[in-house]
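Lettered A, B, C, D and E in written order, each chain numbered from 1.
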Amino acid sequence: MNALTRASRASPQTFMQEVVAATPGGDTHLELCLQCGTCGGSCPSGRDMEHTPRQLFAMIAAGMRDEVLKSNTPWYCVSCYYCMVRCPQEIHITDIMYTLKRMAIKEGYYQESTAADAPDFSETFIDFVENYGRSFELGLATRYHLKHHPLSAIKMAGFGLGMLARGRMDLRPTKIQNIDQLQAILTKAKELSNGSFEPGGAS
Amino acid sequence: MNHKPMEEARIGVYVCHCGTNIAKTVDVAEVARWVGEQENVVVARDYKFMCSSLGQDLIESDIKERGLTRIVVAACSPHMHEKTFRGACQRAGLNPYMFEMANIREHDSWATDDRAAATQKAKALVEGAVRRVAHHTPLEPLPVEINPNTLVVGGGIAGITTALELANAGYHVYLVEREPSIGGHMAQLDKTFPTLDCSACILTPKMVEVGQHPNITLLSYSEVEKVEGYIGNFTITVRKKARYINEELCTGCGICEEKCPKRVVDHVFEAGLGYRKVVYRPFPQAVPKYPVIDRENCTYFLRGKCRACQIFCPTKAIDFEQEDEIITFQVGNIVLATGYDLFDARRIPQYGYGRLANVFTSMEFERMVNAAGPTGGKIVLRDGVTEPKSVAIIHCVGSRDKNYHEYCSKVCCMYSLKFAHLVHERLPDAEVYNFYIDIRAPGKGYEEFYHRLLHEGTHFIRGRVAEVTDAARQPGEEGKLIVQVEDTLIGKQRRIPVDMVILSAGLEARHDSREVSQLFKMGCDFDGFFVERHPKLDPVATMTEGIFIAGCAQGPKDIPDTVAQGAAAAARVAGLIHLGTVMMEPVRAYIHEELCSGCRICNTLCPYNAIVFHEDRQVSEVITALCQGCGTCVAACPSGVISGAHFTNEQIMSQIEGVLWDVRRNGNGKQPTVNIQQSTANVQQPTVNEP
Amino acid sequence: MSVNGKPKLAMYWAAACGGCEISVLNIGEHILTVDEVFDLAFFPCIADFKTVDVRGYPDGYIDVCLFNGAIRNSENEEMARLLRKKSKILVAYGSCAYEGCIPALANLTSKEATLETVFLNNPTIDNPDRVLPQPAYSVPEGELEIPEFYHTVKALDQVVDVDYYIPGCPPEPHQVWAVLQVVVAALLDGAPLPPKGSIVGAGDVAVCEECPLEKREKTITRFYRPYEITPQPGLCLLEQGLVCLGPATRSGCGALCPQVGMGCRGCYGPLPGVEDQGAKMLSAIASVIDAGEAGMEEAELDRVIEEAVATIPDPAGTFYRFSMAHSILRRANDSQSDKV
Amino acid sequence: MTESFEPVIVGFLCNWCSYRAADLAGTARIHYAPNMRPIRVMCSGRVDPQFVLKALREGADGVMIAGCHPGECHYVNGNIKTLRRYHLLKRMLKQLGVEEERVQLVWASASEGKQLAEAVDRMTEQLRALGPLRWPERVLGEDGRGANGHEAFVSAIEPREEVAA
Amino acid sequence: MKYGYYPGCSLEKNARAYHESALVVAKRLGIEFEETPDWNCCGATEYFAINALAGYALVGRNLALAARQKLNGQGNQLVAPCSACFLNLSKTDHYMAESPELAEKVNSALAAGGLSYEPGSVRVRHLLDVIVDDIGYMTVAEQVRKPLYGLRVAPYYGCLVVRPDYQHIHDEPEYPLCMDGLLKVLGAEVVDYPVKTHCCGGHMTQISEETALEMIRRLLKSAADYRADVIVTLCPMCQLNLDAYQEQVNKHFGADYHIPVLYFTQLMGLAFGASPKEVGIGKEFVDARPALAKIQEEPPQNAKQKRSRPPKGALPMPSMLSHHKGGGQ
């Protein structure tokens, strides 16, 4: 009912509204950004980002869709939540970073980013979770590294051996009992997610 | 089940457009047309600006020419223009209480965009008013005498100004100050922006004047404990805390202070940056001049030994047996000027105050640069000797931040610029960095002051500081405080190593402002600042008649604004005293004694003890002079024999019927009883100017 | 007026306990005067009249009809309409006819629930076939019709026009006699009758006025049910935490109940200027409950007040014991009802 | 319970706080549901429970009583009395089958325009979910034109002349 | 007191030392754990990047299973020792409560597996919070058999337990003190170094090693600057990054850090008298034994006196702890 919030949830028209609509949880407050820079100043990986979170938000407000989705910024977000708790406008920055990642993947932008393999890491991780219900580090490391960093894979092999030697890595993944139930839930969730909270979905 | 008025009411209804304020959302012409069809409505018009003189003329001429006996104006809030329209009624010879206002602006057109719903609601509100006004009876306002004495609470620059203005106008003032001396925050400041005059130099003469003024009773080291009564006649109870000093004997020589062997950190006047003795005056120019003994820290009170002060006092003025004194007096008006607290910078741990020694608050810095302060005016690090080579001044600490205070504190940009200037002045070689979100300098000479600082070579970095840390990453950072920030103009993270950090903490409401507002029965806003009667048009009055506010107690502001409010509050009070009486709304309760059964339900309910019980006749009675018309007893009397003037059961019940006209059974489809005046006013009148 | 010149008197009971007829008989030796002055036209309680007799009367044949009892079923309503037609003056006699009284407490529940309690779920009931009253029922002798049980109990004036009201459960004999005197004077000597719609046989000040108990300033921390405490004699019961509707009830009875240590239940109905006796008494009682003060935490405040008001276990039944049918809301909301 | 059902709420607003809060909400152009129709009283303590019942009886779907926060009453503690009445009334209304959401007590000081607006929105939402009350038709089964002795009822609760016998 | 227990994938695998030591400590403190049956991965920081709703549903399944556990006959409390698990569980619960729309969608997904979850019905706890808040320092102190005298410990909180703090555990998310207090109770000397809530780099090791190593270096440097003997963590990811990548940091930056990284439960176990093996010492990359050898029999003498008086003429230092209220004119 409130005019102030109405702008944000209604069927998205601007890029900003689209981002807000695709971000679950309470009110993201994205439209309230003061451009104060607290987020950019706080971000541990801010040094290596192409754009600071603040700049990204200015670009979102300006409707610079391509540039935003191409940026490596969301992929360099480590989910430390520093920006989010310090933001004077209580903007859900970390959640917005996740949203931008999803948008970039969906629209294929990430391949242009300097963090092009980051999504693959997430996807490989998820693959194991979806098939076994648990994550599987050895599988993740081998598959991901062989694909993207064959050189460092050799280095990683040492790391992996160290893990194995210390009993910190299993050779085989663990599977939960009720994997069918989990898969049914995830399938349904993906089906529903075409509705909202996902890029392009109407709210 | 219509509540029928006593005699045939002839009602005129006026629906205001308020330019487009109402007309944009409410179909005013339709409302006027429709209400014209309702029972007892003789005239119904819509008009551009009802409060304009032409609008009022319309009412007056209709009353005279068409014999209207009751008037309804559907426009803005009655708090805005009820008085205006009552005046119009009166001028036309109608008792002003035969009037009722329907609020279709604040409560309707401004609260929604939905034109159909707004129009429907407007009809409901108007119909409520029409039904209600039919039951109005002529009333006369009640005169209340104003006691010419005034209470001023808080002796900062706001309270001092108010007290002096009134005292100089010849009226007596009781000035109650909680601390041992008046002066407030201004006494702590060094220079004042933007002109950089010495704060003490301009304040002290005023403090002395307060101390000596025959019309001012200064009650320092005192607090108001109880407030009873109402405008014109408040009874105030003040607790004058024991100073343990006999004021009649004390000459203010200061020997006791000199001889006292114990010192403690002074968290009040020195803002924690310096020490004071246990028997002390906050500062040399304190008014009144008498010291106080800080009982909590005094060795004699703690251990029963010492008495150094007593032994050395030449006039035997030290009195350990002294007790708090309770004083009561009467006043007609009250001005609250209790000021502000500085935001506690410890609440933002990433800025390191309390952890990192060389992080200072703004008030600490004020004391540091003050020649009478703990460092004698030298700018040094916490060790007391090292001069900083670089200073960071961080703006908006605790302000403009939803995690703390959403509002802008208004003065910290300016005092931060002042600080930068003072550092340049005292340490010409030091680098000064101001970290800001926006520079807010909207005052006379303020922007010019900002330009001056740009000339002086201050580094302005636009970006809200993320954190202040001593965790060095690079060699150049070792041993320094590092200010980490995104320089938003460059779009890059920067780490600036400095020796000293000053946190420009914001102003916040007094920590006890809520209790104070309850004591005086007036309102506090969400942030704890006192609420003014109208944010633009009545900034020093409150919702409670006879209680005014001034200075930072109302909201953050600088000294010029504070002084202006202090004087404005004094002018308002002086006006009331000069009149001698005020007219109060005749909204009072009345007990029909012949029907009162003497059940005594009502007896304990009145907050003003206005209800007395006559044992002989076994009936209760309301003392009109005491009753303030809340209506609590009216609602409670199980026999229904208390009536509340202007808010009678019939009036409210009829209004309920009216506002539900569209959903009531039988509420619909009234036959048109009288002629319809359809939007005629617009046509008849030439263009009207804004009221 | 009839042939013999004596005014015709009728008395009928609808949904009522019978106390009201007794109250008329209870006027003592005056009953002889009544007999002397009036001709009985219909008075099933003491004389053998049949409804058909009444149907046979011309309209307005009866001069005064004292109608007691509430309207609970279709027969009650039919009789009310019949007697209205046949009477010059129709008096709602006693609380049931006046404002619904105890029968109208059934308005706090539904017709179905009432029938269920009366005919099915009750320890003293043996109804294995779960037979409920039917409006029409076939027996070998033919079709039987029994009156329809209404959903909502009404006061007399909610079905027919009423001339006067005599409150009381039952009305007090001395008041009854006083009323009859007025009527007799009017009928026989042409003295003026009170205006139509008047409440007669009651005062216009509250019961407290007549109550001899000492009233003090009221601060009540909790309420007690009558069996929980023995009230201190001579002192207002309400102050002692016993619910007394005296302050919200018309005088006339002489404060019978409080005088014997039982709080007034409110049978004389609301005072003039009060629309809803229950709401008014609720307001008065809640106002003087000494629970909660301004300085408390909001949650704590709610808690102590909740606790204090919870000592009145059945507020609707307590405050509307007599006036449910005439209360503003009239009955409870139960959505599945058939609304008759 | 149709989709388009818009509840009607009668609001009793205290002159000193919630009425001004509503003024402030308007001045600040805070938009909220237009479903509440305010009636000004000098104090929430003036709200006679009869008013609440009356509003429900006359077709309102809900009643909002609004006053200053406890401790901030312009008349010291009128709102505490309101609170006491409200709690007892709530118990009684429950017996009468009136859902709890239909009668609400809200604290809103003069500066809390936003809070008041939110309370109105919230209550409107709740009543939309509950559906209409329409006491005369739905509870009393009145068709509005005096059937079932409606008119007689009407006259009966008119203030009556009374005579002591 | 009985708690639900959600170990999460890490504790089963690379953080076994955490798991084992947690169980040792819990037993001593009388904490009973009942593992949530058939729990699944929480999605770490990855799932939300691919599909938010599926991410919430993934976590929602765990919450739904935990809600069914019905321990103590009251509101279920679910303990998650891993920071990421803790955050994901509490975040899902929090956002479902805040956004009915999300709750509805997650529940429709759960319904496909015959489950449902009412937000608020499980209270998600972190192990540290349970030990400090429910058990308390006093009870912990009673269990200490071998105090860690002389060991300089850098408490490292990392991100996700302190931020965004949906459960409102911390008085001050930017400057938490609860683990500091706990370690002090164990007899250790706690260093107040400034980066205790900074980020360990998370998954950046996999995405941009350069970035990650710099983040890890900052932490190691600060701990070294403050002469810490060990870093103590409460999160498998933090432990892994600081421990397993220490060598790489040294190589990359030409540094020479040798700071073992242990779980707080491991130190608790040791202080409670458990053997190093019982609490999983030896599984770390940077060997902890040399550091642990520093543990002394007696409390260090200078511990108290070290608080030197400020030099004469120094200005008073504000105290972080005593918030002076009501001051100021």
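Basically, a residue touches a chain if its C-beta (ideal position, glycine included) is under 8 Å from a C-beta of that chain, and two chains touch if they have at least 3 such contacts.
Everything numeric here is computed off the predicted structure, so don't read it as measured data.
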Original post:
Among the remaining chains, which ones contact both chain B and chain C?
Top reply: D
Subject >> Contact-richer chain pair [C-D vs A-B] >> reply: C-D
**OP:** Could you work out which chain's C-alpha centre is the most distant one from the centre of chain E?
**Re:** C
**OP:** Specify the chain most distant from chain B by Cα centroid.
**Re:** C
Original post:
How many Å are there between the centre of chain B and the centre of chain E, using C-alpha atoms for each centre?
Top reply: 46
**OP:** Report the inter-chain centroid distance for chain B and chain D in whole angstrom, where each centroid is the mean of the CA atoms.
**Re:** 31
Subject >> Cα-centroid distance, chain D relative to chain E, in whole angstrom >> reply: 51
Original post:
Which residues belonging to chain B are in contact with no fewer than two other chains?
Top reply: 113, 350, 518, 605, 632, 635-636, 649, 653
**OP:** Could you check chain E for residues that touch two or more other chains and list them?
**Re:** 174
Subject >> For chain D, residues that touch 2 or more chains besides their own >> reply: 29-33, 48-50, 54, 71, 73, 76-77, 81, 85, 117, 150, 157-158
Original post:
Along chain A, where are the residues that touch chain B in the complex?
Top reply: 3, 34-43, 46-47, 51-52, 54-55, 82, 85-86, 88-90
Original post:
Which bits of chain C are touching chain B when the two form their complex?
Top reply: 204-209, 215-219, 236, 238, 246-248, 251, 270-275, 280-281, 283-284, 287-288, 294
Subject >> Contacting residues of chain E [partner chain A, same complex] >> reply: 9, 12-16, 38-41, 43-54, 56-58, 60-61, 94-95, 98-99, 101-102, 105-106, 108-115, 159-160, 163-165, 173-174, 198-199, 201-204, 206-211, 214-215, 244, 282-285
**OP:** Give every residue of chain D touching chain C within the complex, in rising order.
**Re:** 48-50, 52-54, 56-57, 69-71, 73, 76-77, 80-81, 83-85, 87-89, 91-92, 95-98, 107, 133, 135, 138-141, 148-150, 152-153, 155-165
Subject >> Complex contact set, residues of chain D against chain B >> reply: 6, 8, 10, 16-17, 19-20, 22-27, 29-35, 37-43, 45-51, 54-55, 58-60, 68, 71-78, 81, 85, 109-112, 117, 134, 136-137, 142, 144-145, 150, 154, 157-158
